[in-house]
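Each of the two complexes below includes subunit A, the first together with subunit B, the second together with subunit C.
And now, the complex of A and B:
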């Protein structure tokens, strides 16, 4: 489990994260959402130990990530948005890096590459950006790491690859794997991420499971506007509205609408989910 | 419970990974530097045989017919080539091998490799200060020996050169390891300096390191000049002379000690600085 307590980070005088307290439980796929510049990538790099917190603490299974101990590094893999086109064949890259991880499964790597329709014999510096991203994703999923941190993993992927990505994540991760995905492409990951974390400037606006969200908010695809709606968007033939779920109705979360609702009613949502 | 500071098996895995990576990064540069005696000899003989001693251009048929009697490059020339090649290699290879650590993407991947900071640092030092210089020296001297074997007009091979016999005076200080240590110490100092530059500067690593050394020497020279300007040089000269007379039987020991203390000091400064650059690296 990852525990964050009163975390603060700044670039010089520019405070990015302030007094953040939250936890990441095992076996969940967290979606880390937020506007540009709120510190999603910064939070991910802090979580995996690439940066040292300026204030507060982060503990992953009781260890500070910035200590970068081999025992913790073995358990985690960070997939940055911008990946390096190395001069290795994809399969050689995976083998070379896989030796450091006890649970790395090369057959699984080849299987995921096959699902992504990417040639493992190809040199990485001769791949397109999408193929390169898929190679790194394949390695991340085959690494058997307990914690996977992914920064915009679907950037650069074509439409079929986005579907394959969701399938691969569901198929090739174990029950105790915690995945934290930072993304702007919420629609790409709508059926994958649970819980959802929405970051605001220097704060966590929401950290809730889909079940909690649907228990407290109702996503209404109706023809009439409800006076209680917190957010509404006109769709062909009706409206998409988000309103408090007083009647205990069941609905399907629309992450984009949720994001807009949270941003429009920050204090209300905080209060609603604090209960 | 795993040892998070140093484990032989993990270090072994990491060292092999590092070696493979460096073969990709600097393999070609290393190969060209090792083969430089052959490349230089071929170029020297080609251009030497294009022109006649009177400056006229030979015809192709004359060149094909065989050498026109010029001798191969002598030891001094080949030694100069060796020094220049060594300088270029030691200035360039550290930044090509480890310069990417300062880049966000490559540096992040390197930091996230499951090995301890100590293991990564040790591997870097072993490769920069032992593997690359020693294999380069061995390979270069071997190529030079092969050139001398193929063309005896080149004279003695560099490997057979003996600095102590070259000095030729029986009472002159004897250099350790027949001068090899001097050469190796120089390579280590250069490699470590340029490795530190590669870890400090984000781009133009070699140029900025040279500029930094130039600036440093320009700062230190006036300070040193100010310190010694008020000294009585006649008195100091006399003291030095007396010291030499008093220690004449152990001059070689003091001479080699000076070299080794200087080397140890430089390794300590650059090595410690490099360690902290790696330890506190953030992306």
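And now, the complex of A and C:
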């Protein structure tokens, strides 16, 4: 489990994260959403120990990531948005880095590369950006790490690879793997991510499971606007609107509409989801 | 798997499993995929599939053998048929009747078109 308490970070005088308090529970696939520049990547780099908190603390299984203890480093992996095109064959890159992860499984790496139809014999600096990304994703999933932090993993993937990515994330991780995926491509990952975290400038607006969200909000596709509607969007066949779920109805979360609703009614949403 | 736009995903997965029982693809006492296997095959979060399995278990359509997995109940088919009959009579049929009234369609016309002998 990861516990974040009153976390703050700034680049010089530019404060990015301020007073962030939240937790990441084991075995979940978190979707980390937020507008450009709110600090999603900064948060991921703080979680994996590449940066030191300026204020507050992060504890991952009781350890501070920035202490970079071998015991913590070997159980976490950070996949940045921009990955390096190294001059190695993919399989050699994986093998060499796998040494540092106790649970790394090379056969699994090759199997995932095969699912992604990417050649492990190819040199990484001769790959397309999508193939390179898939090599790193394959390594991340084969690493056997308990914590996976992925920054925009579906960027650069072609359409079939996005489907394969969703399946691979579940097929090749276990019940106690905690995954945090930052993304703008919510349609790629809509059914994969649960809980959903919405980060705002210096605040966490929402950290809730899909079940909690649908219990409190109703996503209504219809022709008539409800006076209680918090957010509505015109669709070809009517409206998509989000309103408080007073009747205990079941509906399907539309993550884009959720994001817009949360941004439009920050205080109301905070109150609605306060425990 | 394609999902439609307004029904909760876990309920759509329920429908898909019930459909497989009715078509005979899943037979009584068959073991169904684990939560993670099923999630991986359709690209859906395991929490969502877990909610599906909990709902199907509470309805008696599947049952859990601790440590082994989930299985289709012996009377799954009867339960699903009963649920669907209820759904048809209480939800779908009233909607059809309402639409028939709106369009001024006489029930006799329906019977004639379909060669029903009433």
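Operating definition for what follows: the second predicted complex is superposed on the first by the 274 of 275 C-alpha atoms of A that agree within 3 Å, B and C clash if a C-alpha of one lies under 4 Å from a C-alpha of the other, contacts with A are read in each partner's own complex, and residues count from 1 in each chain.
Simple rule for what comes next: a contact is a pair of C-beta atoms (placed from the backbone, for glycine too) under 8 Å apart; a residue touches a chain by one contact, two chains touch by 3 or more.
Keep in mind the model is a prediction, meaning the values are calculated, not measured.
Asker: On subunit A, do subunit B and subunit C fit together or clash when superposed?
Answerer: Aligned through their shared chain, the two binders fit side by side on subunit A.
Asker: Just checking: does A:156 make contact with subunit B only, subunit C only, both, or neither of them? Give me first, second, both or neither.
Answerer: neither
Asker: Return first, second, both or neither, reflecting whether A:130 touches subunit B, subunit C, both chains, or no partner chain.
Answerer: neither
Asker: Give one of first, second, both or neither to describe whether A:56 is in contact with subunit B, with subunit C, with both, or with none.
Answerer: neither
Asker: Once the shared chain is lined up, is A:244 touching subunit B (first), subunit C (second), both, or neither of them?
Answerer: A:244 sits against neither subunit B nor subunit C.
Asker: Considering only touches as defined above, state whether A:194 meets subunit B (first), subunit C (second), both or neither.
Answerer: Only subunit C; A:194 stays clear of subunit B.
Asker: Once the shared chain is lined up, is A:219 touching subunit B (first), subunit C (second), both, or neither of them?
Answerer: In the superposition, A:219 contacts subunit C only.
Asker: Once the shared chain is lined up, is A:8 touching subunit B (first), subunit C (second), both, or neither of them?
Answerer: In the superposition, A:8 touches no partner, neither subunit B nor subunit C.
Asker: When the shared chain A is used to line up the two structures, what angle, as a multiple of 10 degrees, is there at the CA centre of subunit A toward subunit B and subunit C?
Answerer: It is 150 degrees after superposition, to the nearest 10.
Asker: Once you lay one complex on the other using chain A, what is the shortest C-alpha distance from subunit B to subunit C, in Å?
Answerer: Nearest C-alpha atoms of the two chains are 28 Å apart.
Asker: For subunit A, what residues appear in both contact lists, the one with subunit B and the one with subunit C?
Answerer: Common interface on subunit A, subunit B vs subunit C: nothing in common.
Asker: Please name which positions on subunit C make contact with subunit A in the complex.
Answerer: Listed in rising order, the residues of subunit C that touch subunit A are 3, 5-9, 11, 36-37, 39-48, 51.
Asker: Quick one: in the complex, what on subunit A touches subunit C?
Answerer: Listed in rising order, the residues are 28-29, 163, 166-168, 170-171, 175, 191-194, 209-211, 214, 219-221, 250-252.
Asker: Flag every residue of subunit A that touches subunit B in the complex, lowest number first.
Answerer: By the definition above, subunit A touches subunit B via 45, 48-52, 68-71, 73-74, 76-78, 80, 82-84, 87-88, 96-97, 99-101.
Asker: Would you pull the subunit B residues touching subunit A in the complex into a rising list?
Answerer: 2, 4, 7, 10, 13-14, 17, 20, 24, 104-106, 108-109, 111-117, 119, 282-283
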